[in-house]
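Structures given as structure tokens follow.
Shared chain: subunit A. Partners: subunit B in the first complex, subunit C in the second.
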Partner chain A sequence: MNRPARRITLEAWGRRYDELCAAGLCEPDYGGPLARHVDDGDLRLCKLAMDDSAAALRLWNFLLTEDDRLRRARAGGARIVGTMKDLGTVPVMAYSLDDVVAFYPDGAWWIPCVMERTAGLLEIADSLGIDDSFCPVRAMLGAFVNEAHFPIPDLLTCSVGATCDDLSAIAQRLEALGHPVVWWEIPHRRRPDAGEDAVRLPGRFVAPRRQVDFVRRQLEGVAAALADLAGQSLDDERLAAGIRRANRVRRLLDELRQLAFTAAACPLPALEMLIAEMLAIHFCSDPNESIAVLEALLGEVRRRVAAGVGILPAEAVRVFWVNPVADLRVMNLLEDAGGRVCGTEYLFCHALDPIPDDLAPMEALAQMALADPMVGSPADRASRICADARRFGAEAVVISRIPGASHCAMEGAVLGAAVRQRLGIPVVEIEVPPISDAVEPALRTRLEALIETAKDHGSR
Partner chain B sequence: MNDERGGRGELKAIGYYHALVPPEWIAAHGLRPRWIAPRSLGARSRVGTSRGVCPYAGACVDAALDGAASAGVVMTTTCDQMRYAAALVEQEGRVPCFLLNVPSTWRTAEARGLYREEVERLGRFLVRRGGTAPTPAGLARVMLEYDRARSALLADRERLAARQFAESLRNVGSADAAERWDRAEGCRRQATRVAGAPEGEERIALALVGGPFVAQDRAMLDRIERAGGRIVLNAADGGERTMPAPFDRARLEADPLGELTRAYFDSIPHVFRRPNDGLYAWLGRKLAEREVRGIVFRRYVWCDLWHAELDRLRRWSPVPVLDLDVADDDRSAGARATGRIEAFLETLRRAGRPAESRFSGETGKRIEPIGERPR
Partner chain C sequence: MICAGIDAGSRTIKVVLLDAGNSRVLASGIADQGIEQNDLALGLLGRLLDEQGLRRGDLRRVVATGYGRKLIDAADERITEITCHGRGVRHLLPETRSVVDIGGQDSKILRLNGDGNVADFVMNDRCAAGTGRFLEVVATRLGVRLSLLGELASRSRRPAAISSMCVVFAETEIIGLLASGTSPEDIAAGVQRAIASRVASMAGASLATPIAFTGGVALVPGMDRALESALGKPVAIAPDPQTTGALGAALLAAQRRPESR
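Our next item is the complex of A and B:
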């Protein structure tokens, strides 16, 4: 059946859900109509256009029930690990142990958006002196204080060094408030000196061997803390199994991205692709279910691509998107303006690359951690963005600034210059607050102007 | 590009911005360290006017690109914006830029080892910039000269106006070996009571806490003292807090670079350290020792590291804290700051001396010192 794929509103999703149920929809235990999340306070759903597939329904339900999952895990006796400023390394280690559940407290940065600021997390952060000059990740501080969004973890880890100041400063406040933190150092990735022993990392970066060794020893310290918490040894065998599972997620995402970004007709909206990619870094607190969710999504995309079904007009301009948005709605805006996402660098492109399975597991994870685009020079990151944008045939680039984020202040100049110089395609920089309604006309105008410029550029 | 000329020689200047960069290491390579204090915040900065850019980081980019030290600049990873600032300087390609990776964690031998390796790597950069690798004995000799100059300054701290003390500290960090002692001595000779201080009025002991100063901002120190304050503790970046510990002679002779690492990396309490309780331990000792009655907390807008500590400091501090946020060179901002300082001093004067202080952490837990600085 070549049923047209569409982006639909929450209201339409109510009818669509009934249709799916009537057609025999099978759902996991966290399933149900999306509207129930609005009753729980996830008001932003009412303003979003979402993909109308059963696979997307499962993705949304999986995302919006993480809190319940964590509380069930706690009630079931699992040990909870909060992995701050960690884009895909410590969660792999944590999930290699039995009865350990890791989550990404920084993910609270989307709560002000999803709950349209009704949760009061930013106000709590304000009251602790962490105002809106900080990145929206300050919502995490509020979530730790009010304990309404995730259970307080049994162990809290945080990478520092070549990381953003916002999170580092907020994590320090958390520790001062009585939440002990296992700090681990991620050094600024530098280019090896002439004659220095070097390692080619997964992806396209290179690092000195001594930096890889340093990070490996840092991770061994984290592993010891995890093993101590779990009362199990985190040996190579366990770790290798954890890496294989993480790679399963990454391979699914790789195929999903390849299909979604290159198909003639865009088979899946940018919004769902953004959420799917996020699963790579923390598995939404359940790696096995992440795999199932991604398999369903990939199945849907394969069907659509085979049938030539898209959710956007074929002439949609191909846009490479840099940095995640604080307000999910902006991904809709791009598509409304005539664009489609054909490539992304949401700060964690390294977490989409397979973890080497032919190395000692801790060595492989150390290499992955150092391959993080954010721990090196923005010039390195720009080179990866340019390579990926070229690979996916981007016609324009959006650099989406995160308000208050320490890295966003200056990186745009480096990234924008590199894209213009190497790819010669239009670039626009926008800033997206957690709720963008007030600036939506300006954002829409900028995105429309980019699309028009790209069309004009392409026709010449 | 013009080479920086010293007053008495032709040493090439290597600029740096952070107290975790040891100037004696640069001087021991036969180069002239220059502790750059950008002249002013970049109202016309290349990057300083962008939303979100720390004006100090923007001013540092400008200073580097304007040739503040043409042989090269050393930037550090001590804050994210400076890390990105280094990338901008590199991108421009006008001046060689070395990014010194200073670990945020500090409680492990691994972190200390990384810092030492980075200092060694800096040494190789300095050689490429025309320096000569020092012998251990040569390094030890230069280190002792700096140590003497800093000790002389500290001994005279109470006789110096706050601005003189701050500028002398920076001068010592900017002088070549031959000049260091002279500068410290000159400072001693020029020491006078604070210019313009109100006669017969009680002077309120203040601590200055926060980020680094640009040169133009040092006038604020005069304003504070003219208004009846007395900065008895300069705990801002670049002040007394970020001085290295005195060198231990025996360790210096055995392993000068190891001693340099200890004196800097192990001993300087800083806001970027994780954890940074050592900053509070140091402040707790010094505030009590100097009988401080108020803290002037000076931070740049968009500086997350200092800004995040403001609320914690207020909860922790037994004395009132005045928050001065600095955005740009706007004259009205200076006037506003002066007004706030005057009001703060007036409040403290009326409040009288506080009862015995309690210095405890935010959670009431005991704060462990990051490293002792016996003086």
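Our next item is the complex of A and C:
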């Protein structure tokens, strides 16, 4: 494979699609040209640069057809579960049952970006008293009201406690609007006291045994609600099978990240990597297809790495990215500025770690839930970020902030200080609104300055 | 060989002409920013060249910096104001380890390493909090010219407490303070103190000395003292603080290989 890999515009994707079809492209039932999503209102695609591979096409089409998939599942008799404020635990349980489909309503926070605010979701949230002092995840509230982006779930779960205050408030507003929620509580992860029985969690954190036991009991309550909904028992055997499948997704992502972040020439754009990583937490409503999508992407990356093909200049500065962005365009911006993503912590790095398969399934899931970076201290999170940034050879770090989001309002300073002190590399903190066009020059300046500084810093 | 640096800032455009052979500044100028940024920059550049008896063809290389750098057609290269300010300060005050730059629409702090290169930086949020624009709004509200704001503040006996750094909210606060009888002198001093305090908070716990102060706000009398007080460290205003970025751009232009034009 000697064809150069490129990032191309949507317009160029039209021609590329014709080329791929002429070359015998085989697509799943959700396939098709990307431009059709613009007709559905996904206007932001027109401003993005996307990878030009068939694997990336499949990834984008998979992402942008989730609503169709959910509605088809409902029409086919499946029960639908909305797993709010859950980064990779309850979906694993839900997908362990037959004819149950889980999705992540919070994912609606990207709709104002992808549809360039034409869907009016934020305005609906405003009208319900959830204004722009809240995280953009308030778009979810609008999506529940207008029912245009996902079907209303048969069961809604939501974690509460040491999680995002904004989302808790929004979910409570949702319940007040007549959508009952099965709440489960997650405590703030703390270090065990001296002599206290402790558990080493995935992701190198440690928590008191009593916290793990508490979370396990909370999850058992969720499991009972799921079993009631499905009319099936959620026993250990089913859960173990569900965990094995989730781990397959996680291992594929682990290999993809390892290859993409460490290759001499960057083999896959940051944007596609971000979307691929998101599959770890919600499977885009189809775990088996997630595996197929990731296998295709991994195959493409393996081919590119073997051929030494990259989508960016070899001298691109290696940047570790913290927190997801509200506007996907900013991932392009970093690459336009001369950077490449070589490591990420999008607030769900625990969902990229394999779920322990040598423990009782509910114990393993409880441990994973407690390993969530958002339920511990920023210092814990900083430790993992520094370790991963060092492992991937980062030359600079971007800490992205989500306007109004309570979980990252103050954390950036702690994370930035830790990176500066432990790694001695430049850090920049940026705030990215759902549509960043008006602040693009300011964002571009910060990212370009980071790249220039990293180049000077390393005397490249 | 002549090089030029153009700093297309949010409020003003600055141009520096440099003799690349000896890094001597031949001329510098400042013009108000406007919608046609490229035309304004070219006009200023042309005027400075004329004054020196030079032509465009005499320019070996041009580097543009600042908010509007992408719009400057004459530029051979575009480099951010972070790098350019660092380079300019390194030239003017080589011992400097930290730079506080407060411009029209943003403020930034640069940490320089032992070689004088930028090791790290922080910038304010995307709003105009604690910037020159903020001072302009305050001056307008107090009915004085911006250039006289510092003098007004120097007559303060008890600087007012300004709690908001948002331009819009602060204006409301100022209206309230005026209505409650607080003197314009105390309000002006309170605003200076608030800006300095915000910069100090942005700087974090440690800011290595010597510290240089650049940007148009450095020209406001008393701002350096307010900054020193907030940082608890001495602050030196860079020579011609408004043109430091343009100077850095010109120096970087001179540093590049001639064949790359």
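The rule is simple: the second predicted complex is superposed on the first by the 459 of 460 C-alpha atoms of A that agree within 3 Å, B and C clash if a C-alpha of one lies under 4 Å from a C-alpha of the other, contacts with A are read in each partner's own complex, and residues count from 1 in each chain.
In the analysis below, a contact is a pair of C-beta atoms (placed from the backbone, for glycine too) under 8 Å apart; a residue touches a chain by one contact, two chains touch by 3 or more.
The shown structure was predicted, so the numbers you read here are calculated from the model rather than taken from an experiment.
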Subunit B versus subunit C as contact partner of A:428, first or second or both or neither: second
Broader residue contact with subunit A after superposition on the shared chain, subunit B or subunit C: B
First (subunit B), second (subunit C), both or neither touched by A:417: both
Which of subunit B and subunit C A:453 touches, first, second, both or neither: second
First, second, both or neither for A:441, with subunit B first and subunit C second: second
Touching partner for A:175 - first (subunit B), second (subunit C), both, neither: first
Which of subunit B and subunit C A:366 touches, first, second, both or neither: neither
Subunit B versus subunit C as contact partner of A:219, first or second or both or neither: neither
First, second, both or neither for A:114, with subunit B first and subunit C second: neither
Subunit A positions touched by subunit B in one structure and by subunit C in the second: 413, 417, 431
Subunit B contact footprint on subunit A (complex, rising order): 128-130, 133-134, 158, 160-166, 168-173, 175-178, 181, 183-185, 187-188, 190, 193, 210, 214, 217-218, 221, 377-379, 401, 403-411, 413-414, 417, 431
Subunit C to subunit A touching residues, read off their complex: 67-68, 70, 79-83, 106, 113, 117-123, 125-126, 204
Parts of subunit A lying in touch with subunit C, wherever the complex brings them together: 413, 417, 420, 426-429, 431, 439, 441-442, 445-446, 448-449, 452-453, 456-457
Subunit B residues touching subunit A - in the complex, by the definition given at the top: 47, 50-54, 57, 77, 79-81, 83-85, 87-88, 90-91, 99, 101, 103-105, 108, 110-111, 114, 117, 121, 124, 272, 274-277, 301-305, 307-312, 314, 361-363
